[in-house]
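Two complexes, one shared chain (chain A), two partners (chain B, chain C).
The block that comes next holds the complex of A and B.
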């Protein structure tokens, strides 16, 4: 049976992967196409669309905004996540499941609703929408992902090591710094990186919360795509794809880390 | 069992103060940045506005959304799309996870990593790809039309296009979740069933499938909530002709500037999702135990 079954399995997997990778692949191919209209048959290989990103001030500025927002949001989310994860794994917490469910709760709230709710609170409070609101709302969105990764990382940690360090005379902080942190660092790094990428590429959370000065990259792409779709957009999105995939592969190789699965 | 005894033991306030100190920042953060904003949205959704006029707080906005066929269709379309996506993604994703299980470990893990690329690339590039692939003269449809297999066909702007885009969006999550639960089934169990004379089909039906059910449940929940709460795919692949609740919220804010109705549509989406997910979990837990 095995050859027929194996051939069938590979044919099926090939179809599934063509489906999964196809949409992104066609954009990447088009981003190297010199044809000026879009979509168009492939003419010749060019890097001019990538070069022209640098000439578009709005894209350059938005990449800077997105980097700031994603770094700040991922830092907040990872810091809050590691503290909560440590408490949940290390101590006997009454109602642990209820607390964990609450902290993972933002996963259940549609991203566009997270953003809308923040907009409406800011308006009701009579405040101005600034970069801070955008960062906070991104932190809400990515915190469950950071929390989940740190929870799995800590679940593998043997807390007897901490007791050993303490009984050998290490202070609480020394134990945390020299024993606990090194062991859970992979989980912390993957939590931060995953949170960063998810925040960087997100559109719905920021949709109602940006001004021209605080427009993130997805927001600028969204606005650009409302009026026209040209090879420039394919170059920008391919660039994001390369960076995201590059980071993932680097983590996988260097730290033996996996963001998902 | 030990879980239960610990729970009983800690029930009388045994949580050490240090644990509360560590949990407090995250809980306070979500209370201020998620619960308080949601309360503001809930409050606004009960308030009169230019579209629906009434006195004081009331449910009139919701009554309006359910009463007008145009808006009620939006609710139904949201649910229909989410159910269809969940069904297709589960069927394809389960088969793909099974197939991946049969692949040698090294190659299999590389293939698994490949699944995360679309997630990490973000929804905009993916939807851009589908807009080209599904276009009238696009590379998927034109050959089929030229071969005479199908008549000319418009997919962009239809519910089918949204479902295709969202199946693509949710499929990696489903495969990863089911694959993880299949990986937890001990090989010994499958071996034991086989050595007792069970054929491949029987092994699947009596051993693998029942043990993978928890994974199927969480995959279904993930697919359903991702599909019901997606914004980018419905916006680009469906457009204004195929409004769902998320794009309706977007329309109320971005084109008609009606904060109250946007709040009502958003709360409706949230409440419907939470109720369905809760009901589904209860239903499935009966099958699993």
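The block that comes next holds the complex of A and C.
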């Protein structure tokens, strides 16, 4: 009986993984396929698509742009998320539930609408959006995720630790820096990672806001696939996937977190 | 002027009065215990002394200086918390050294102070461990070491023993007393446990509903409660409510609502009107024959018998009063069973008569 149940559980797990990871696995397999079109039956093993990424300057440049944008946006979002979450949890602000809902608002607005709205705003203000503008828009978009995770971390934080630190001679700021933030660090790291990934892979928010100099990776991939479809994009996708999984595993190691379930 | 003084402290939380005009003085080197049921304001008092809460009115003075508006980090007061509040991300050494690091104490000096604090609490060789790798008793010692490492001007302890099991609690109780004497520090200790308070304190301050009810030495508070609440809170006492029918010097005769005529003694002025006769369980005698030497002898029926090891506790019914007696479990002592007819007795000096106040 129990073996039947165990087998059933395993089958279920496999199905879930096939559903979640399956499409990505196909992309990874195709990136090693020497066939010149995509999708195509597997011919032979090759690394030529990976090698050709280096010859496509627009991909190299866009990976660089995306890394900068995602790092900066996630940093800003995490910093603002910490301040907002701390104020919401620690101080009896009037209408704090309304404020929390408002701050989580960008989650509810379709991303393409955020992109369009920002374009409109910039036009009206007569500004030129550069890299800094793109970073700020991404920061607004990913802030709710960083805020959400910081709130979760603070909800489990024992604020008596702050009293202890104060009695030992730490000011409010030093208490935050030396006690509160280190204790909730797992939540902060998770928030940063989620914010980074969401910014890195985002297409709709950037769609109207990039110039050739600030084209992010998803924008370049989208543009490339409009003209042709060959396994080069699968190689780029796989590369991003490998790096993302690698970084996540490394963070789990260093910070002893569970990011991947 | 006392070392620590609270003057007319008032504090409310929304509509709830936490402290009403509380004034208290603690002498240098003394261990004062704030004792009372939960919600009596004892923890609020401690938090106001530490600076975590601001009083609505009144002043806190430490060593002659008004510290009412001084931030907690500038008070130099060590606090031991009920949950210990050890920093989970720091090792034992880093926890104990936290206060010194915040003060910018030079490294070598700080290391020596950390070693010394851990020696005083008798916890050595675990400096590299994290709090979660220690037992409850060890965590308690780290919390103490952390509080004394900053050489505080005052030590506050908030129910520090309530998270320990019974055996460890007794051991740590002795330890806290030893450490407080060894360091020679003034301390304020909060607890709801009467035995803990009696064992630890130089003086007890019994609190109820945001007020001090009685402040005195443990022996005085236990033997001569000044207020029915104190007598009831320490438990182990029968409270016989009634009115005064006759007085002669300090001797008072009172009649309970159910008609029991009890002779007792009033200390410091004979109250009139509603009174309470307080008779501790262990002072109530139990026998089959009517005792002749005392005016307080009442026929009663044994209702229940509870075996507690060192003592046997009987609940008896005399008229409409329910009176408890705790009889030492000595070899050869008479025992009684529920339903037995007995006589309850006690000498007048073991019945303290107090004015009945709410």
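Quick note on the criterion: the second predicted complex is superposed on the first by the 239 of 261 C-alpha atoms of A that agree within 3 Å, B and C clash if a C-alpha of one lies under 4 Å from a C-alpha of the other, contacts with A are read in each partner's own complex, and residues count from 1 in each chain.
Operating definition for what follows: a contact is a pair of C-beta atoms (placed from the backbone, for glycine too) under 8 Å apart; a residue touches a chain by one contact, two chains touch by 3 or more.
The shown structure was predicted, so the numbers you read here are calculated from the model rather than taken from an experiment.
When both complexes are superposed on chain A, chain B and chain C fit side by side without a clash. With both structures placed on the common chain, the touch criterion links A:41 to neither chain B nor chain C. Contacts of A:123 after superposition on the shared chain: chain B is touched, whereas chain C is not. By the touch criterion defined above, A:110 lies against chain B but remains apart from chain C after alignment on the C-alpha atoms of chain A.
Here chain B and chain C are compared by how many residues of chain A each touches, and B touches more. Rounded to the nearest 10, the superposed model shows the Cα centres of chain B and chain C diverging by 90 degrees about the centre of chain A.
Taken over all C-alpha pairs, chain B and chain C come no nearer than 6 Å in the superposed arrangement. Partner chain A is touched in their complex by these residues of chain C: 50-52, 71-79, 81, 83, 85-89, 98-99, 102-103, 146-147, 150.
Interface residues of chain A, counted against chain B in their complex, comprise 6, 9, 12-13, 16-17, 19-27, 30, 39, 76, 79-81, 83-84, 86-88, 90-94, 99, 102-103, 105-114, 116-121, 123-124, 136-137, 139-140, 143, 147, 197, 200-204, 207-208, 218, 221-222, 225, 229, 233-234, 237-238, 240-241, 244-245, 248-249, 252, 258-261. The touching residues of chain B, counted against chain A in their complex, run 6, 9-11, 13-16, 18-20, 22-23, 25-27, 29-30, 33-34, 36-41, 43-44, 92, 95-96, 99-100, 102-103, 111-133, 135, 138-139, 168, 171-172, 175-176, 179-180, 225, 228-229, 231-232, 236, 246, 249-250, 253-254, 259, 262-263, 266, 269-270, 273-274, 277.
Those residues of chain A lying in contact with chain C across their complex are 158, 160-161, 163-171, 174, 178-179, 182-183, 185.
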